[in-house]
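All chains are identified by letter, namely A, B, C, D and E, in their written order; residue positions are counted from 1 within each chain.
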């Protein structure tokens, strides 16, 4: 199917995915591939345009009232499902209720937190029908929140919050979204040829889409190619129009005219297990280790996939100061947290060890077993071992094992990453509150906790104050070197130059092809 | 012969293989015979008739399915203690058929010969061990230069003599020789046979001599037992069994032996044998027809055998 | 099979990992409900019994990776391509192997033998992923003779088939050679020569048949080789097959799928071994008749 | 020699094998002939070159063999010079062979009917059905009961004796002129052996084939042979009619053989073995190869190979003892006994043979033996 | 027909019986079975050369801690440099490679000092590929050797016991092997490695577990044969204990089978490790094995082919050499082939 007739139609393209679609069920989706598919085949209240611009999609206008705790959306008339039904406000209510229903076991249900009763439902303390969402007729949707959620509109661009067609879901039951045929669409494209686990399928222009005139591409052929070398070969033999590159490949192609790079809003950082290893409680030791890493060299020479050195926890380009428009990451500005200074590192380490009464440091660095992760650990190991008396062993294990070990505190130091679900710094910062299950290093700061709390309630409706709370919090985090930021991941690809108009967002739905044109 | 002591009594020995499976084999079925001290008892029969199995049952390489083997008045199966077993292992020895398979190719001749000496700690020291080995080699007509060589350097007859030396090393009383010459060339066979006879003479050995070459068995044995399909059909003095066979099978067997004599061969008539009678399921026992001459027979067949014995000019019991 | 199922089940349970993809962001009760969905909340023995009972009915549970996708369905939808390239690879490898093997046995100690030997040793010596990558690079990309990767149409099966065939080819060729050399030295070949048969007649009527019968016994190992190879080859050529699925499942700890595929592989292997036994009995008259005679 | 035509003549045959260890001189200057309808037995101990001789006749020598010298003439045509194609045409049709081990010489995967039919299909161009019909006849001839039912059985369904009959059937199915039987009964029990030997004799009469019968069992020789050749260490040391060899042997090796076997009426007492072991053919000794084991050896035996001395027109022996200058020796008792029988028979006229040369005028062997001395 | 040749006077003197019948003397020098096999091996040129190649490779590999002390010292500034041998100006060995369609001197481009060169190039962290290959070869050989050693211990012991005890014991032990074999080993290994993820030891164990059944079966078959050999029976009739028989009679005679199988198992283990590396559950970084090196190399095969070729060639040579040597040993140990 794919690639065999790429020249037949002018406006068809061949794309690669590096993994299969796990599901097309909005309530169940967790994987990037599935999310991208849903983002391009379904339509929600908004589409998030370039630079996180919120554009109306099914919502024609929105009213916010009650101190940011009630949203009323007017729903577009005449939008259709691919099974012929009309898209109504009830579809939103159905879809949302279905997602929060504990029986559905949606892994993204937590994103509903903040909507009235969502937390209670999750804790099985309230019926899912009590969720704060109501349809007022076919064309009006009212959402009530427990507390103001400053980034609520951004969430609406995320496929989890898209409507679902009750009829279709009922009809297919638990097999809804397990194949192309068992899914209904209301978005720019319809999916064809996905049979559940196969490696190729396609998206075709949806003739029933309300905004079909804006869709300029007829067909997107997909092929799953897991092996990066194979994918590159396919791209080079013109079987693919776009291909994501690995670090080594980037080195070769970074000057290619077809080379494009996107910075993800995910940050890789080091966590030190302060609970298991007392010496990591020593700030000097943490700082020494951080200072020993030359992030510039690391990203340019080792990863070399376009990733950028991270200067803080929150990734660059995620959010802008509501007043000045400065990027959050830039505004934080704690250079010593990501500086390279080996001499200083040696000094601090010597002091730190002395304070701890230790002669040498001997610990294990854990990370995933992907190529990139292995290269990272190898590099960091060699960097750290430049400090006298530091001995590091490596453990590269599968992602899930790494996660489990992190959460159970079975590690010394770990390279971990966090990707924002929505474009707000809080998505990163809340991780390091005391008691958060993802605060694997068990770093503690009362001041930090307080600031985060304020940003969530006291200052929720005051964007500037909230912004400052978050800035302060991250500065504390970095100054104490609670974590050691490493790099912000980039996605580099080769893309045929005649493809234009792809919208990229670093958080949430990454790629939106609804405006894509092919020459 | 009656005066001499019975060294071995085999009583209703049975050896079945794969019992209970569809390929059950009655390799040895109700075999009884005695061997007297100092004699050579020959066991003949065609291939697969159970001769080897009988021999191995006697020396406890196999555990009999049923029956008894009495060696010097003791039930071999009842030997339990390690010490008794070891002394039994010294008294009864075996010489094997295949001169190529019976010597470990990775051991030097001296170690092969000394194996029994080592196991039973018969040597006081290394020098004694060496001396014993050299004596043994000399006994079997080899010289001491051979002791540091490997078996593959020897011819079949020499190897067989090494095997004999190994058996002699523990000074046994009773030796089971399982076709010790059938793999050897005619001209060499006599070397081994002569050696065995000499040794019997010098050391007062008793032999159970297994073979399918009737003329050689007759030549070396005092008494012969004839086996067929796991059963012992006839026992008697060598001359008598050979020249005056009572059982039809024996007669057929004897008539088939080719003689190195063209004139004889031109006149030879082979007596055919029909084995179906053996499978009629009638109970048979060994019956003494002439003195020391037994035939496996049913009650009703006894008379017939007596008649034949009379025709052959044998004294009846 | 039962044993295998049990062993894999408990091995799996030793490993960390869950159906959750972003466990990190969930609350305890949410996790609990999800566990409930997969039946992971029950005591181990209960899970075990359920698993075995279901497995007997052909239900291997639900994939962690593909939500709501039954493992049995996954396997079913993936087995086709694997079977096709597996069978093609096996057939190609075995046939080529028989040819070179017998050729080199007949021309023993000549340059033909030497060359065939080196080729088959090479077949054993080059890791399949290296071989596959070379094939892809030179025949797919440089020469553009065949599709670089992907699935669809016979052309796309050619390179993977060749890559898969390497190991059975090498094994078969070496096996057949040894057997054939053995057979050629046997008495009945001597008798066939004494009958005045031509070289060709001897090889075809006597030697080949006798040396091929034992080949049946290596089909089991060959099948294992194909399975192993398919994991690599399917991955490199992006073929929607079981092997590719298995590797993926390993990397994402999708236990129900790992277990399902393991059982499938074991089952297949058992089946192959069983068929081998039966076929051996059919084509070797010695076994066929002695079995019947009893 | 004789007026009768020799269908096979082997002359000066010398064969070496090249091995890692060196060159094995397996056959050294062997001469013999075969007449129509007769049975020539070759006896000799293991390794004396019997099998190699037959393989040469079949043109089936191992590929490390080198024919250093000699001819093997079949109807006057040298087999050693024939192409593989010509050889294939002769094998199985004109010259057939029976092998020693019936358990391994049949193809385990082919029905026996087909195996017997094969030579017919190859040599006579018979169709499969016709060939198999004839094969069935042959099967009956060799005494397989229920032949009709059994032609479609496989070898493993037969006992050793039956299999040897089948092998014989294969060999005889084309009515060959020469049948070579290389120890056809060594692997069999005496009773079966007797049957097979009888069968062969019977068939020989029916088909009137000549047989070269290889064995190391003198009893079998006595039963089968018309003429006997005794081989030792790659040479023929004595040949003559069966009566001459058994009743009037001349070579000490033949003496030793006869002496070391118990016969039905050997009295108890010592057998006389031939001492020692055969020589290593990698480096055959100079002089008489048997000298080292020969109690009657003389100095010359260690220096020069003996030529053939003629005993009668049909009887020659290669031993210096027959040299007119050699001292008279007393052969072993067993041989003396046999010679006595010989004398009796001779006078009774029950032995027919050529003119006897008394020891006094023994000449060096005839024309075909003139290479015998001084080599 | 008179005598043509005068024979000397004393020609017909009988030779004294005693001095000439000393026939039991053996002239040939004494040679053991192993010496014989060694001799035959030497005649087999391919096998003999293979053996030397292996010895040389092993020498290089095992001295690598001295000759190539820094396989893991990373210098990202020198990453992915192509091979450069000073004085050689052949593309592929002069430090140049094609980048973006042009041949670029990577050493210049990366400001590598004139004096510095990597004969086999560098990897993604700027580590010397040559050093890493030496080191990796050592690790691979170690894995092969130790896996085989464990395999030997389990397999040979198991095989001997199973065959020697016979009866029910044998039956049960054989069933176990059959079960082991009807599970695709690769799957078991993968599962095992998932559970005990990490270092060299688990991999060695996993490979040994994968391979021992073959060894056990071979040993068993051979032991069954030996068990009925008459020299073993002879030892039994002499009263030798089972343990001693195993040591004195079985093991020495099993040795050829074991040695041959070992020669096959070592490369198989090395090969398997490479496969595991590809699947992504191989040995832990930064330790290199040939498998991980090839796997790292294959990712960039399109533009840095040397990174795959060199370790792959070393692996292939090792594999081929082992296989040819094993074949040669099999022939050498097989008395049937003692003559051509």
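FYI, a contact is a pair of C-beta atoms (placed from the backbone, for glycine too) under 8 Å apart; a residue touches a chain by one contact, two chains touch by 3 or more.
Protein names from UniProt, one per chain: B = ABC-type oligopeptide transport system, ATPase component; C = OppB protein; D = OppD protein.
These numbers were taken from a predicted model, which means no experiment stands behind them.
Touch-path distance (fewest steps) from chain A to chain D is 2. Of the two chain pairs examined here, C-E and A-E, it is C-E that is joined by more C-beta pairs in contact.
With chains reduced to the mean position of their C-alpha atoms, the one farthest from chain D is A. Separation between the centroids of chain B and chain E, computed from CA atoms only, is 49 Å. Note: centroid distance chain A to chain B, computed from Cα atoms, is 89 Å. Averaging Cα coordinates per chain places chain B and chain C 55 Å apart.
The distance from the centre of chain A to the centre of chain C, with each centre set as the mean of the Cα atoms, comes to 39 Å. In chain E, the residues touching two or more other chains are 24, 194, 280-281, 298, 301-302.
For chain A, residues that reach two or more other chains under the stated contact definition are 229, 233, 236, 398, 401.
For chain D, residues touching at least two other chains, in rising order: 275, 277. Chain pairs recorded as touching, per the definition above, are A-C, A-E, B-D, B-E, C-D, C-E, D-E. If you check the complex, the residues on chain D that touch chain B are 45-46, 160, 189-195, 197-198, 216-223, 225, 242-243, 246-247, 256-258, 260-264, 266, 268, 270-275, 277-278, 341, 345. Within the complex, the chain A residues that touch chain C are 1-4, 19-20, 22-23, 25, 28-31, 102-103, 105, 107-110, 122-124, 174-178, 195-200, 223-227, 229-230, 233-234, 236-237, 239, 398-401, 403-405, 407, 421, 437-438. Within the complex, the chain D residues that touch chain C are 58, 60, 84, 88-93, 96-97, 99, 101, 104-110, 118-119, 122-123, 153-154, 156-157, 167, 170-171.
Those residues of chain E that touch chain C in the complex are listed here as 179, 181-187, 190-192, 194-195, 267, 271, 274-275, 278-281, 291, 294-295, 298, 301-302, 308, 312, 315-316, 319-320, 323-324, 336. If you check the complex, the residues on chain C that touch chain A are 15-18, 20-27, 29-30, 33-34, 36-37, 65-69, 73-74, 77-78, 133, 136-137, 140-141, 144, 147-153, 235-240, 244-245, 248, 250-253.
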